[in-house]
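Listed next: structures, encoded as structure tokens.
One chain, chain A, appears in both complexes that follow, with chain B as partner in the first and chain C in the second.
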Partner chain A sequence: MCSRCRDGIAGIAILLAASFGCRREQRNLRPEPTGQAMFTPLKVSNPSSGIAYEISEGQRLYTWYNCSGCHANGGGGIGPPLIKTSWIYGGEPAKLFESVAKGRPNGMPAWGDRIPEYQIWQIVAYVRSLNQQEPSSATPKRLDTIETNPQTIRAARARTGK
Partner chain B sequence: MSRRRTLPAISALLLSACAGPQQSSLNSAGPQAGHTESLWWVFLGILSLILIAVLGVMLAALARRHPEFEPASPERTAAAADRTERRLTRAVAAATIATVAILFFLLVASVSTGKTIAGLASPGSGLTIEVTGNQWWWYVRYLDDNPQRIAVTANEIHIPVGRPVQIRGTSQDVIHSFWVPGLNGKRDLIPSHITTEWIQADRPGRLRGQCAEFCGLQHARMALWVVAEPESQFEAWLDRQRQPAVPPSDADTQAGYQVFMSHACVLCHNIAGTPAHGQFAPDLTHLAGRMTIAAGALPNNKGTLGGWILDPQSIKPGNHMATISLKPGELQPLLDYLGSLQ
Partner chain C sequence: MKAAKPALMLALAALSTPRVRAQIQNQPDDGQWTMAAKNYASTRYSTLGQIHTGNASQLKLAWSFSTGTTRGIEAAPLVVNGTMYIVTPYPNVLYALDLARPGAPVKWKYEPHPQPASQGVACCDVVNRGAAYADGKIYFNTLDAQTVAVDANTGREVWKAQLGDIHQGESMTMAPVVAGGVVLVGNSGGEFGVRGWMAGLDAGTGKILWRAYSTGPDQDVRLGPAFQPFYADHRGKDLGVNTWQGEQWKIGGGSAWGWISYDAELDLFYYGTSNPSPWNPDQRPGDNKWTCTLFARRPRTGDAVWAYQISPHDGHDYDAVNENILLDLTLNGRPRKVLAHPDRNGYVYLIDRATGEVLSANPFVFVNNSQGIDLKTGRLKLVDAKKTGTKTVRDICPAPPGGKDWQPSSFSPQTGWLYIPRNNLCYEMQGTQANYIAGTPYLGAMARMYPGPGGSRGGISAWDPVAGKAVWKVEEDFPVWSGTAVTAGNVLFYGAMDDWFKALDARTGALLWRFKTGSGIVGQPVIYKGPDGKEYVAVLSGVGGWAGAVVSGGLNTVDGTGALGFLNAMAGLPEHTAKGGTLYVFSLP
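Up next is the complex of A and B:
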């Protein structure tokens, strides 16, 4: 066998092997209903952790369920900030889950009977991604609403004259 | 029927098999779509003639005898080749000129149609409808200078017959495209940008529209209906949309109201005049008056609504409505309450 053929075959084999790395991310299109999260035994690891789609869903839900009403975009307001190093009730996924599902004193409502469990995990993953505790490859970019866009940049340039 | 009419008639018949008359550019209901439709027929006519001409020439070339290629003396062959060369040069030159001229004519026709449609904008008609694309439904707002008179609805647009209406489109998440073929062409809805389009219906009727830009899992089930109705009927409809929801009147609807307010429904849905103030899912204030649910996926009746509430993910897998767990006996009152939201 000629050496060029051998190289070609080896190349194809490597490409084939590498293509298994492109395994498609699976989405569960029949997730569990609401009203269970309050009573489910805690998982130690977050099933949504490290999955870009799940974390971006968490970002969407963070706004939808008005977490931003108290925690703003992570900087805090009525509620404590979510971008920080020391947590009142613990920053591990299971503790964050508990905070969301069962609520905490001084204002954090219990969401466990309203939001399905998988969505709480998505929100937990998003909150952890705010603190760079999720892989940066899976962390969504900031919300469009707080991202500078060409229009705001143009407006700022016009104001400052630079 | 003359032969000149047969071809367009057959193609229209074939095309109408693809989409109902309610969603077809070939069944225009207003001036904008009318111009597009005329342009379509001009293109079809010219291109059909070209197709026939090309096929005719090809068949003639296949059928004809080729004396030049028959064995003959060298002198004769050289002279014949020369003749053929001259003839072919003339023919190819003529065909090239004709091609350029026809393409240029089609270009001018297309651009001028675009300009004519763009020129149909008529600021000051007073009716502006804001359409926001969402995965996978349409948020619709009837703008008004008086904030109290702004009406919000979803997946169904009513317009008065004979009045130009401006559509101000944007998107909440990804790029969608607003397309009601019976009224106008496609207009992309782009996050944090506003695109505008004018529509006008000259006859009453119902027209179906659809998202025309792939926007995710349920792109195919993102439809909307435009209902064109006489001015007085339209005003009555809009007045009703401006009102808060009908309060529950009997024991059943009262119980359904309690179910709605105590479940996750309120996190996303809005019912004006109640504590339900969610802003991220279709407004349900006048749900019962709409023709469809789930952005045209199902007709709006008690059965389909019940099915949708119990298991939305089986009807539109991947949509953003979470499955809520209802206890036995909660669904009926909930359906009664939602059915009362006229």
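Up next is the complex of A and C:
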């Protein structure tokens, strides 16, 4: 083999090695969007908002899917309260949808593969209604009606003497 | 010194009332505190007497230590070989503090890094009830259902065993007990439809030696030829299946998240199982064995020797997990080896701890949903009008946290009395249809609690176990959610949810001293002799737990059904206390 050829081959080999080396170091700093939204944009509006039937469905599902087990009727317990003025992960409909669908790291399970999307929106509308963020004309009666029974209040007053 | 101890014990025994003795003769008090309940008999009694009724008023803060946490602290500190060990609530950091140096600086800390998602399966705040020491190792449980053994000198992890699955609603919050080289631990999750169990692990390796389920076939419950229950309706094949409908026993609760006592002579350990799941009893017809049940088992095999179901087909969340204090006493002229068990359902049970026979059961709080225990059959006599189900029932006493919850009592051989931290709560409940969704609450109940008769929400009772009645009572505004501990100096210690740590005269209940800590107290006081020979008393302050979740979880009291109905009864607590964990240690000047 001629020396020039040898040099050429060596040169190509070096170039190849160098280029592979370079590729290994390459980082994709700006990946193409997959087309699937990673996060629900904040601007998305709740299709269930303002509709009395949808909100009362949300109230039913809130118990059905055991939301009430952790959050009670909004006062909280195992999970944080949902009647409040500040939210850990945001109180906008889209953020609430995301909390339900994807879960949150400190104990909120991800429900996205267990609850249909339209039902999550109904639950979101109900949770917003707990905070007067839905029209009162579309907001269902509270579920914790055992609180208002006069018989109990009488019994409690008789015991406590107050 | 070693020889002097038994002599001292004998002298004390001679001074004390002879009719009631605690089962602590085989375990002389060396001034340390090596397990949450102080000793296997679970007396939480210290023979130290430097601090006594005459000088307790001079107690001063010796030093303090921040746990860096904001959730409820239900743990007891341990004191072993000049070192104090404390486990925090989630994230369950284990601290070793050097008592031999001024201010007790941190020797080391061990962080198990439990899964953050485990916080979502903790029914009643992310608490931990403490560690246990044996043979150079500290054993404790993590919220994500692991048991860990850590070298007590170095803080190095010796082994770690994953015992449960948070995705099935399992967590672990109880304090282990080590008996005969076996680490005894159980799961939590009665509000999540778990299948309850108690397990025995090899103390050296963490290998699971046995696991005894609370529901299912006899083989799984470890009911073999040695099983001799006292009552007829406890006998029969596979009651852990046959007292349920279909396969409900698989999600039937009965977790073992409470206290364990051990009698070395009989070689039996004692513990209770939790409420059945779901809360709504209409969804689980039958006695639901073996939930709300006391078990006596062998530590090496887990085999049951007897069982007694305290609340068959429970409808009020009356877990039977409370402490069992092992006493030797004379009843009707006969010496008896008993265990004293103040239950959620409002009765103090005296049970023959060799056979499981109920000798007496007397109410220690106001009870209107049962009328005592039929001593022939062992069955709780329920009041029909107060049975819950898929309906609303009002004015039920006691409330789900019971006459007392996990908060442990103590026993003084000096007075012969138990010191019971109490709740005074009633409630109403509306049963609903519960859906089982793995890893989420399985309740089917909306509850609402309120103060019981008299209006105080809790207190302390000094209880004569032989007479079966209270000797004196002290009332508190809030439930007493801390344990009690008592000393040979006749000083009784406990903490209140409105921050006050208190010392009472164990004979009269008179307040001797109090100190306002930084947060409400739901922990367990301990008493120990420091390396300097002085007597100290220590307690972890940090409001929370089920009763204090209103503060530690930042809950909203506009909804009384919050925290499983406890929110309704805790009005005013946020105005009396703030969250934050701190260890306080006191001594005489």
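We take it that the second predicted complex is superposed on the first by the 100 of 162 C-alpha atoms of A that agree within 3 Å, B and C clash if a C-alpha of one lies under 4 Å from a C-alpha of the other, contacts with A are read in each partner's own complex, and residues count from 1 in each chain.
Following the convention adopted for this analysis, a residue touches a chain if its C-beta (ideal position, glycine included) is under 8 Å from a C-beta of that chain, and two chains touch if they have at least 3 such contacts.
Every value quoted in this text rests on a predicted model; they were computed, and no experiment measured them.
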Where does A:Met108 make contact in the superposed view: on chain B (first), on chain C (second), on both, or on neither?
second
Would you check which partner chain A:Pro81 touches, where first means chain B only, second means chain C only, and both and neither mean what they say?
second
Which partner, chain B or chain C, is in contact with more residues of chain A?
C
Now for A:Leu29: first (chain B), second (chain C), both, or neither, which partner does it touch?
first
Which partner does A:Trp64 reach: the first (chain B), the second (chain C), both, or neither?
both
Following superposition on chain A, which residues of chain A contact chain B and also contact chain C?
63-65, 114, 144, 149
Which of the residues in chain C come into contact with chain A in the complex?
116-124, 191, 392, 394-395, 426, 428-430, 432, 434-435, 437, 439-443, 446, 448, 450-455, 549, 553-564, 566-568
Considering the complex alone, what residue numbers of chain B touch chain A?
173, 191-192, 263-264, 267-268, 278, 280, 313-314, 317-318, 320, 322-325
Chain C-touching residues of chain A, taken from the complex the two chains share
63-66, 68-70, 72-81, 83-84, 105-109, 114, 143-144, 146-147, 149, 151-152, 155-156, 159-162
Using the touch definition up top, name the residues of chain A that touch chain B in the complex.
27, 29-36, 60, 63-65, 114-116, 119, 144-145, 149
